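Notes follow the structure.
By letter and in written order, the chains are A, B and C; residue numbering begins at 1 in each of them.
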């Protein structure tokens, strides 16, 4: 270890928030999924953009890698330091700076947790909501948009990264940039029509670190409820989604199928979240969805309404991780046309069975049925290396088939990144390389990820 | 790699997913509901991070170090993680940390402050290392009598006996019991440490020694019922002493006082005019499910408006003093120390008084008020002091 | 082979056809009833098989004890006319598959309380009313080993009930309790009505929960303080299988000092909670159920009910929130009894 770097980090962030000790290095070397550990040389947790900037300048000077980490819940190992360096824990940069109720946006530091923003809005702005992902509340706003996450408002409004009014980013060379109306001093209310900031989303933190996000908020109605349908024939799922999204009155539309418990095996449960400011509004929406659009399926006996008006319950992915009493799971996320669901489901069952893992697949509709985020989850027992290996093999096999089936991998780890880049348009790849070299001449920013040969 | 260490929870510690729910209160309002994570904000200090480190240590993946010991001992055993963890092994999260501490105690590899705490308890019957004959100095002039076959033993505890601030609460409770005509006595200089902190620090042998001594003394004196000042004493007497043969009826004082007021044996203090917020002590609340008795006492007072902090009851933020941290101070020295966060939360309610029911919380939070510069705006008072009209 | 013990001559000789003419959901006169019941007996299609909402009431209405409801359900299965969509049926059948290991069988001397698939309601069985009463099926992971299966009557699947019931009864019997008090009314109905109707021997004695509660309250009579509430009782469908136990509702109410409000939908006229009707294939079922529930709850409200007393957890799950929204507090009968003896409930 270079004690000069450590001393500099201590000077920048304070002794309590910098470490070169084995315990911190061990902890931050681990991803929650199946990835092999990758040890950083240092860990630092800055409190401000200024502290972070100083660290980046230090890293450039010392030619040492920087890896930004939010909640660490991607499960894809994207924030593992593949080449050592300084692991930056972004979660101390967690201030909610502004909530503008009229313009419906929240300006937050990137390290704000999903839970903190959710609770803040519920308490102070109950008529506003952000699109809350299914990850545990410790996931961060910045991390989630950086990987093009989706949340419980995905059906009407798209990816969480479609909901940005502005960004503040630190470049690998230390400059602080802003994108959107904030860049011309007009507040944080719109991204368009100014030059785009997409260069920092979906890049795995290789082009810069997001430090502030202006996130669009949406109306939060007084009553938010969950309805559930069930279908036996997977071929029907795209049709049902098409009908429901035509009505355009659903907040979140998710399908899942899993081997355990038996009640869900070889069945497709559709979660349809409805909200309203009154019972009348809710009933109006249900009439349109169930009595009009879906009535033919119900009368034919091919779709069943399991329940309506249930309390909204956030899924506990932690419980999924513990299916084998093993504390672990990882998933391949992908984005596909909705019509692909049946084949993807069948493939998931097949791969899981072959690897002796009870299958678990989920899909979330993005936008007006424009796409589906489809995931295959593979649980493993952390204490059983064989089961970790099984899961890892299943994940790679699944990564391979995503492109084969006409989709794209969501938040891929290095393995998946290589597959995507192999299929990528040559000019696009060349541009990626140009841009990366331009903003990160010393290649310090999360190296090893999205590396174009 | 080093050799594997014998560890009681080998079969389950790997099940922690490090999902992070353990950092939050029930309403998710911030990640600072785990006292050690609030203080240090590094993943190694979160409940999940600590469990992964413990697993790595017992499996020989990492070696013991001072830093590892500090991380393991920085847990205050507040049980916020147990409340929030969605996995079915959640009831054992604190036990897993204590078991790791026991393994460290076996090897003698402990933070020096913890060693000092345990040594003082072993040699002097209290963590401060003060003479046993000074234990009863707080009660001089109070008229409180030595225990001799009265109905209740009033067990004061280490802090109530020796800490100058906590002594005021000990006196206030004693005076209330006298006013109510309750038949009670104290052990005075014969009292020794109850062992609650010793247990959470992983020193099973010392706990057994203390428990057996206390149980023998109680039995020899014919003690059947015990009122405790501290929830820590309440917890260990109620939940741990039975396995050493100590079966007594144990009450925290907030469980006894309501009926004294209801029956007219005690009069409510007059002339109160205050907005009060109540801090749930971990060993009364999350450890023993008692959230109502203290609130009943406060709600019934004329001139008192009771207001709740956002993080209350099962989501109460620990004062940071548990597991001996009121002595070892592993979580002090920062504006992110849990006690300082807590008093800021109390201040935000607009309350003038932060009421507590634990001498540990009393000292931790009052110190925090001072460091925060809130003395003019927020007073920390034990419920016994409020009821006794103590200044 | 398990067969329904059914005497068609009793139906042919029945002049009133109460089973169909009294139906609250189909408007059938005696002449039509005669025709339709004969069709059903002759294994022909009948609109009754399509329009039955599976409320179980005709089991009670039949004055001949000839099991018209079981006949209808059997025929629905025979002719592949289930009232519910196929995915709901598959889901329901799969739900009943135990998958978390075998239950621990501990021999019990004396009576035992069977929670069936409501093991998670174990916290309701505290207090003096249940003191000292061992519980079987207390572990939610193993509860499907105690599942009475009768829910499948809503699914047109008597075949599933008949296939699985023997193993369930064997598990219950293995505890060797003198008598088994069934927490869920439907479990009781399975063992005293359904099983005998299909000639299935039941190897244990069953006690209705309300009978047990009533007798227990008598023992604790000195501790009862009249509650003085006005209550409405939500009678579950399965109660139709044990009409002889229905009087215990009023007996308990009298003992604990609550007054049953005078309303329309009580006794034989009770309305189904709608839990399984809402999802039926028949056009308009969802809307029909909402109207049914509104009618039921307005009836309670207009009669001045302060509490709605539930017997069945499924009814509570379905109607609990809607009754609460109308300002009527939902409460289980067992919890009401606990309140009467001064205990706090969850």
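The criterion applied here is as follows: a contact is a pair of C-beta atoms (placed from the backbone, for glycine too) under 8 Å apart; a residue touches a chain by one contact, two chains touch by 3 or more.
Worth saying up front: this structure is predicted, and the values here are computed from it rather than measured.
S.K.: Could you name the chain whose Cα mean is nearest to the mean of all protein Cα atoms here?
M.R.: Smallest offset from the overall C-alpha mean is found for A.
S.K.: Taking each chain's centre as the mean of its Cα atoms, which chain lies farthest from chain A?
M.R.: So the chain farthest away from chain A turns out to be C.
S.K.: Counting contact pairs per chain pair, which pair wins?
M.R.: A-B
S.K.: Hey, how far is the Cα centre of chain A from the one of chain B, in Å?
M.R.: Each chain's C-alpha centroid was found; their separation is 40 Å.
S.K.: Taking the mean of the CA coordinates per chain, how far is chain B from chain C in Å?
M.R.: So the centre of chain B lies 49 Å away from the centre of chain C.
S.K.: What whole-number Å value describes the gap between the mean CA coordinates of chain A and chain C?
M.R.: 45
S.K.: Check each residue of chain A and list the ones that touch at least two other chains.
M.R.: Within chain A, no residue contacts more than one other chain.
S.K.: Taking the touch rule as given, give the residues of chain C at its contact with chain A in the complex, in rising order.
M.R.: Going by the criterion above, the answer is residues 82, 84-88, 90-91, 94-95, 97, 99, 278-279, 281-287, 290, 321.
S.K.: Can you tell me which positions in chain A touch chain C when the two form their complex?
M.R.: The contact residues of chain A facing chain C are 230-232, 260-267, 283, 286-287, 290-291, 295, 298-306, 308-309.
S.K.: Looking at the complex, which residues from chain B come into contact with chain A?
M.R.: Result: residues 12, 14-21, 23-24, 27-31, 40-44, 49, 52-53, 56, 61-63, 65, 67-68, 71, 85-88, 310, 334 of chain B touch chain A.
S.K.: Which residues of chain A touch chain B in the complex?
M.R.: 16-17, 19, 21-24, 26-28, 30, 32, 43, 45, 71-73, 89, 91-92, 94, 113, 115-116, 118-120, 122-123, 136-138, 316-319, 321-322, 325-328, 381-383
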